[in-house]
Structure formats: C-alpha cells, structure tokens
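Below, each structure is written out as structure tokens.
The two complexes that follow have chain A in common; it is paired with chain B in the first and with chain C in the second.
Right, the complex of A and B next:
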C-alpha cells in the first residue's frame, strides 16, 4: 500500500518547475476566460482549479487534427508514417471524470480489435497526475455515472487539496517515478474522506435504453437541437473521426479529424444516401452511444458526467435531463406493460 | 401581449392556424425558449420581451411540413428573415400567418444585443397582424465594420486570423441560420473537397469567407450565428460588411422590403458586368 505524501501548497510550483526540467508538463491554464490544458512554462504561475476544467484533455491524446502519414505525389510509393511524439510528459490537474474519459478511450483505441498506434504512443509517454475534486461544479454529475469526485481510475498519481497542503499518492509504477522529490514528504496523516450527494438524474440500464430505439420520443428529444457538433467535440468520450488527405502542391498529409454524429454529413455515404437524415436519428445515435452502445461494445457507459456538453451547447440543452426524460419514459412504458400483463392474467 | 394572445386565440377558433410558433417561459426554470403552441393549449406562459432572442424562422420549414397553417411571432429582424425565406421560395406565404410584434431590443447576458444597435426595423416588414409600437425604419450604422475598415490590410488579417484560428468547425452558425439550408453544404463536400474538414487556419478561413459570400444579399442580420458561436467569433462583421457592399451596389437591404428578390440571384440583361456575354471587362 502506497503511503500518502504531502507538499506545502506554496512549494507546488517549485516542484512542478523541477519536473519541467526533464518532462513536458501539462497543467490547466486560463486562456480567454476558459480553463484548458497547456504546457507549463513557469511564467504564468500555477493555479489548479478544484473542479471541472472547461476544455477536456481529449485533444492531448486524440487531437482534433492529427497527421498520420505524409506523401509526395511526385515520387511513387512515398507514403511515410508520421513518427509519434516520444518525449515523456506529465499531465497534472485532470479530474476524475477526465481520467474516466481516458479509461474509456483506452478501451476504444487500445483494447478493441483495431489498435490505434498514435494513441498508444501518446498514452505510453504520459504520466497522469489526477487531482481529486474538492467540490462539484454546477453541471457536474459524475455521481450519476458510477463515479465520484474522488474516483482514481486511470490515474498514475492522485492528489487532493486540504488546508495548506496537497496530499499525493502514487497508484502505479509510472507514478512512482515523479514522486521522488525533496518537496514531497511521507506522512501518516491522510486527507479526510468525503461523502458526496447521491446522483440527481435517474438513469435506466443500457438494455432498457436499447429498447427505446424505435420509440417516437426521439422527435420530441431532438425538437430544438441544432445538430451542430460542439457537444460531441467537447465530450471527453466522443471518439469519432474521419480520415482525409490534405495536400498542397503535390505534397500531402493523411490526417484524422474529429467528426460528429450530430452533423448531417457524418452518415452520408457514396451515392448520396444518408442513413441518419433526421435530427431525431442523430440525437438518438449520440444518446444511445453514451448510454447503451458503449456499454455493449466496450463494457462501460461512456458518459462520465462532466457536464461539458451542456456548458458548450448554444441552446443550453441539457443532456443529463434528456437522459432522465428518456429513463422516465422507459419506466412509464414498463408500468403500462406490467399493468397489461396483470390485467390479462386476471382475465 | 394581451392583444397578441387574444388574436392567437381568435385565429385558433376560426381555424386560421393549426399551430403558432412563439416564445414560452418555462415556469420551473424561468428560461425562455422557442415553443409550438396548439389549439386548446394555454397561452398563459407565452411571452414576448427582451429574452426572446431566438430567430424562430429557422423552425418554419419543418413546421409547414407538419401543419397546414402556422402562425409565427416575429421581431423586426426575424421578419426580415422570413422575407428572405419567402422570396427564395423555401416557404410559401399561404401557409404562414405573420404576427409582427414591435421589438424594443433583446438582451444577451443582461446586455443589449449588438445587432439591436444596428436594427433596421423594429417591426417585421411582413405582418398579417401588428402588435405594439411600429417604430422607425432606419439605416444601420455598423460601427464594427467601420472600425475594421480603418485598419490596414495586415491589421485586418491579424484581427480575423486570430478569430478564425479558434473556429472549431462545429457548424452551429450554419445550423441556426435560416438562410444556410443547402442540402449538402459546400463544407461537407468531399469530391471535390472545396474546404478541408480540419479545424486549421487556412481551412477555417475558407469556410468563413465562403459562408459570408453565400449569404451576401441574403443575410437578414438576425445575429443568431454570432450568438451561438461557442468561440465568440464576431461573424456579424463579415455579414454586415457584405450587406453594406450589396446595399451600395444595388440599393437593397435583405428582407426589409417584402417580395424584393435578392440582387445576386437575378439575371438582368442591363447588368453593367458583361460576363454573361462572355466578356469579362
């Protein structure tokens, strides 16, 4: 059992600066009013938000745009794979819902049939130093999605703020490597365990969600949705991409670019057919992908309850409320069915 | 508001509309959102005030496919928007009852929306029934465009490039725009790939310039694209600059005059540009 270590809050920046001599260190930074991850450079200081960071760190492992190969049309057989970045790095200050997002991406990109080499390298070079949340943000609903603000899945090191200290604990061998520092001192004390409020949104099971596939409710649920792509880009577990070539004067790159099932172009096929023509069918895809398909294919639902999709939605559509409404409909239907069954027994 | 509700009830009773598209205040959350009201449904939570920011015209094409006749509550800018849809034959006027309401401006995050400073008409230019103050028609000032025009080309490029670089290509701007309704948007075409799908400066710039051109003389300045952009890109600047250009050249302001056809979709044999004769002078 690894012991807790602690560091004075006032020493944290010194510790991180030391790490940054050898590692590429990523920390939350404020850019235009929003918190997002950026490379630590010392000049900006260090400030770690105690709850949700506006922009998820998906981009660090599965970038918006990623070149996977280059080619030159003037010379034959010139397709060259792009060498992934190898420099070891630390990502510090991510929260449990983001770590859970990485756990899900691992299942998709590493543990399924098709392995993603680029993703694998990004994961291998990274030590995840997760910060347990001290409070829940307004949109946070991790407790509805099988997590708590203190979940540690996927983290190599976990730390938590308490009083004038940060308490650190390494959880993997990878994590141990960054714990050797004069600033971090072993302690017998441990941070107080917290109780978290129970979830707010009742949720049905993946199997029950699947039964809603042909329900008419999707039209109601997609009524005002713009079917733009921003909720899926913001989501730590939306992993769809398209592959395309981008070239200039004969020299080209093969790239992967984020795609979104909410866009009408997503399901357009050769010949012009589109299997998800209506907004309802696209909203259904996203919803079931989060609550059912993910579970059936990768063994866990993919919503981690971070609430970012609501934060970014131009219409402030609430995805957790949508899930709850759907679950309610499932219950209504069930009740009706049991009633019918009971009545037919009486007959 | 009373008069509006009364009229709507009357329209329902006479069977002149099957549904009315308006704004509803959610009693629980206090949020104001677009809503479809039907006969025998309460109109008590229907509202019209500074919170009614959304342009409802974007929903009309779906609604007219579902209902025989639809009433729609319109601010001035939304009315302009409706005109653009009618002259492009996307919607047929015979299916619409336009309910124009005098608009005193709407608010975004507690501040008057910028588009309202440039409002060309507070009352819908097309209305079967009018409510409230009609207000004056006026020429928009487009102070933002003026600022840009003062900049040198290099400064201008820097100004826009900083914004374009941030675009996520989520297409919320396109999705909310009543005038962006191509079956297959140029940004989605793969062969030829006019615009690369990745969110990088060069491709984003293409996306924004092409979108702006496609809306020249058609954008009603409802401001919705700018409002919904999650990256706060000042999209109105582009549209407004082109609105000004079209106004200068053809004397037309989109949507302000019912039945006025957008100048860039008409063929006119007196066009000073001789391109139609194969001479590009």
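Right, the complex of A and C next:
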C-alpha cells in the first residue's frame, strides 16, 4: 500500500515549478472570472480551487475541435491522418467528479472494438493528479451519483488539503513518477476521513427510468428547457460529436467537433427527416442517456454530479432537478399501481 | 503512422451505373489492395474530400471480393458531389461496419425479401448470397416497390430475377402510370394482397421509414412473429462505430448493435 506523503502548502509552487521543467503541467487558472485548465507557466502563481472548476477538462482529452486528418484542398484525395500528441503531461487539480468523467470517456472511447487512438494517446501521455474535495459546493451532488468528494477512480495521484499541508498519495505506477521530490515527505499521518451527506435529489434505477419512455412528462420537462444544448457542452461525459471537413488556415482538415443531442440539427438527415424533431424527444434522449442508456451500455450512469449543468443553464432549471422530477413521477406511478393492486385484492 | 479509425482510406471508382433518375451505383475498389470484407447488411462510410462523409450500405460484392458497390440517391450535399464524380476518381471509404443479416441461421428456410425504393440496396447482397448458395435455401420471393417506373433501380437484376424460375418476383409502383402494365399499389398493400404466410419463412424489409412501419403491420396481420421479420435501420449514422452518439434507439446504437434487427429486438417506436 502506498503511503501518504505531505508537502507544505507554501512549497507547492516550488514543487510544481520543478515538475514543469520536465513536464507540460496543466493546472486550474482563472481566466475572466472563470476557472479553467491551462498550462502552468509560473508567472501567474498557483492557486488550486477547492470548488468546481468552471470548464471541465473534457477538452484536454477530447477537444471541442480536433483535426484527425489533413488534406490539400486542390487534390481530389490526399487525406493523411495527423500525428497524435505524445509529449508527457501532468494534469493537476481536477476533482473526483471530473476524474469520474474521464473514467466514463474511457468506456466510450477505449472499451470499443474500434478504439479512439487519439483519445488513447491523450490518456497515455497524462498523469492525473486529482484533488479530493474538502467540502461540497452548492451545485455539487456527486453523492447522488455513486461517488464521494474523496473518490479516486482513474486518478494516478490523489491529494487533499488539510491545515497547512497537502497530503499526496500515488495510486498507480504512472503516479509514482512524480512523487520523488525533496518537497514531498513520507508521513505516518493521514488526512482525516470524512462523512459526507447523503444525496439530495430523488433518484430512481435505470430500469425505472426506462419505463418512463412513453410518459407524458417529457412534454412538461421540455416546456421548462430551451434545448439550447449548453448543458451538453459543460457536461464532462457528453461526448457526442460530428465528423466534418473544414478549411482551416489554408489547408483542409477532417475534424471531429462537439455536437449536442439537444439541437434539432443533430438528428436531421439529408432529405430533412429527423428522428428527434420535438424538444420533448430531445430532452427525453438526454435524460434517459444520462440515467439509463449509459448504464445499460457501459455499466455506469453518466452523470457524475459535478453540477456544471446547474451552473450554466440560462433558465437556472437544472438538469438534476429534471431527473428528480422524473424520479418523483416514477414514485407516484408506483404508488398508484400498488394502490390499485391492494384495492383489487380487497375486492 | 498511426491508424485513426475515423480517417478513411482511398478507394477508386471503377464503374458508375445509372440506376434511375436520381440513383447511381458505384463499383469501388480499395487502393493499395486493401480488402473490403463486407457481409450482407453491412455498411461503409464514404467520403468526398472537402464535403465530409455519409453512410451507404454495401449493395454488392464482386466474386473476387475486391470490388464492392454502393448505391447513392442524390439527396444532400455529399450525394450531389458523388453524383458528379467520374470513373477513376478517388474517394474515401472506411468500414465495413455494423452487424449483418444472419444468413447462416436462415439455411433451409424460405426467404421473403421486401424492398421499397433505395431500400432494396442493403437487401441485394442477401439475394446475391442466396443465389450463390441456392441449395442451402428454400423458396425466394421478392417484393419490390418504387414510386414510379422511373424510380425502379437494378433493372438488370430485376430482369434476371424475373427469368430465374427459382424466384418469385413482384414489382409494383405506388400509383398508376402511363405505359405501366405491371402491378400498382404501395408495398404494404401488395404484401396484404399476396397474403404470404409465415410458414417456414423469414422476411427482410427495408425502405423508407413509413414503408417499413406499414409493411411490418401488414406482416403482423398475416400472423408473422416479430422474430422472423428482419429490417435494417439505415437512419442517421455518422461515426459508424458507436461513439458519435447520433443513431441511438434507446441504449442501442444502430451502427454498432445494428443496422440489422428483428422486430422483437427493437422497441415499437423505432419503426
């Protein structure tokens, strides 16, 4: 079992600067009042937020626009695959809900007959140094989703803040590579184990969600949703994409770009047919995908409880609330059925 | 060089066949002697550089297995560009993808093929397979419907099937048309008229969504069980490998879990 190491908070930046001499180090940075991941350059200092990082790190592994091949526009065919990036890097300061998002992306892109080689290379070149949370923020609801603020799935190193120290522990061989530092000292002490509050939203099983397919509730739920798709872009596990050709800086590129099942164009076919034309059908698709289809496909629901959809929704009618409303309806229906059964027995 | 599954490989157009007023078939061969091991019912993603890519059923394999055919109805940007292509042009292809018709399970059975318009394209390899292995199968009955005589495709094949004593072929057009002396009526109505019983048959149905839906209803009226009605759902697909998310019906991806399904494998709303 790997032992805990600890580092003085005041030494963290020195440690990261040393790492940055050899590695590309990605850390949370504040840009225009929002937190997002960027390459550490020392000049901006280092501040690791305990709270959610506004922009998920999905973009680091599955970029919003990703060239997969280039071609000469003047030729009929000259498409050549691009070389995936191979430089080793460290991503430090992600939280458990984002690490869980990566674990889910692994299921989509790597547990497949046709692996996504570019995603695979991004994963292989990265050491994930996750920061366990000390508290849960307003929108946080990972404990509703089978996680806790101390879950470490897919992290190579986990660390947590306590007093004047950060406690580090390597979890994989990859993680060990960054643990050798004069600033990190082995310790017999370990950070305090915490109790976390139970989930706050009503929930139901994937099977129960599946039974709601033909329910009229989707119209009710889509009435309070703009189907603008912003929740899908913010979500760490929404990885739908479009494959298209673009002219970029004088050359042609075949690219994958993020797409959203909330947009009408997403399912529109050449000739105009559309399998999900109505907002209700699109809201149903996303909700069931998060809470049921994902489980049936990959053995795990795809909501990690990060709460970004709550933060970004222009109507502030959050996605977890939709899920909760749906779960309540499932309960109501069940109660009704039980009541009918009880009454028919009495007869 | 890294092989990226989503990046197509070059293929050469060997031959172009004008099938109907808006459908052309393309006989293709992968460059660099790459194989195209498509089974009946599988599909490929075809690219025109600069215009993206779209999904097409492999509608025929040549005997040597090197050449394969796709049929393209002119309907969007990419198909418009494909219709402008010439013999010798190079386009991009990746695949084959998807499952296939379980033709081995059907040995000894009678086969009913029901195609509507371009929907005959993914079914033709099944007919080819049966004709190539004729002794393994019972009777072969084909119902093919087109909107008008001008929309009838695979005319050479229809002629060949017509003259083949081991095939019962019914060609129909949707509404009366001057000069057309054959059968008139939409496919589901023809299925009802013919009253083909399930007996020891399996049926495969493909066409526009509305045709599949009503043909399935007609077959059910004739007491066909859902596990003997097969269809191929050539809906909006893009990546072809179960990742881009677009083609799902519930938890299933048409591109990966399909495109071939028997009706008992898909929910009613999929039709």
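Just so we're on the same page, the second predicted complex is superposed on the first by the 338 of 347 C-alpha atoms of A that agree within 3 Å, B and C clash if a C-alpha of one lies under 4 Å from a C-alpha of the other, contacts with A are read in each partner's own complex, and residues count from 1 in each chain.
The rule we apply is simple: a residue touches a chain if its C-beta (ideal position, glycine included) is under 8 Å from a C-beta of that chain, and two chains touch if they have at least 3 such contacts.
These numbers come from a predicted model, not from an experiment.
Once chain A of one complex is fitted onto chain A of the other, the partner contacts of A:226 are limited to chain B, with no touch recorded for chain C. Judged by the touch definition given at the top, the superposed model places A:15 against neither chain B nor chain C. A count of residues in chain A touched by chain B and by chain C gives the higher number to C.
Residue contacts after overlaying the shared chain place A:312 against chain B, while chain C stays out of touching range. Using the contact criterion defined above for the overlaid structures, shared-chain residue A:116 touches chain C, although it does not reach chain B.
Contacts of A:4 after superposition on the shared chain: neither chain B nor chain C is touched. Shared-chain residue A:267: touches chain C; no touch with chain B.
Shared-chain residue A:242: touches chain B and chain C both. Once the two complexes are laid over each other on the shared chain, residue contacts for A:84 go to chain C alone; chain B is not touched. In the superposition on chain A, contact is made by A:68 with chain C only, not with chain B. Overlap of the chain B and chain C interfaces on chain A comprises residues 242, 244, 259, 268.
Looking at the complex, you find that chain A touches chain B at residues 64-65, 224, 226-230, 233, 242, 244, 246, 255, 257-260, 263-265, 268, 312, 314-316.
Partner chain A is touched in their complex by these residues of chain B: 31, 33-34, 59, 168-172, 174-176, 184-185, 188, 190, 193, 196-200, 227-230.
Across the complex, chain A is touched by residues 1-8, 10, 47, 49-54, 75-79, 89-92, 209, 235-236, 238-239, 241-246, 248, 250-251, 256, 267, 269 of chain C. Those residues of chain A lying in contact with chain C across their complex are 68-69, 71, 73, 75-84, 108-109, 112-118, 121, 210, 213-214, 239-245, 247, 252, 254, 256, 259, 261, 266-271, 273, 275, 285, 288-289, 292-294, 296-297.
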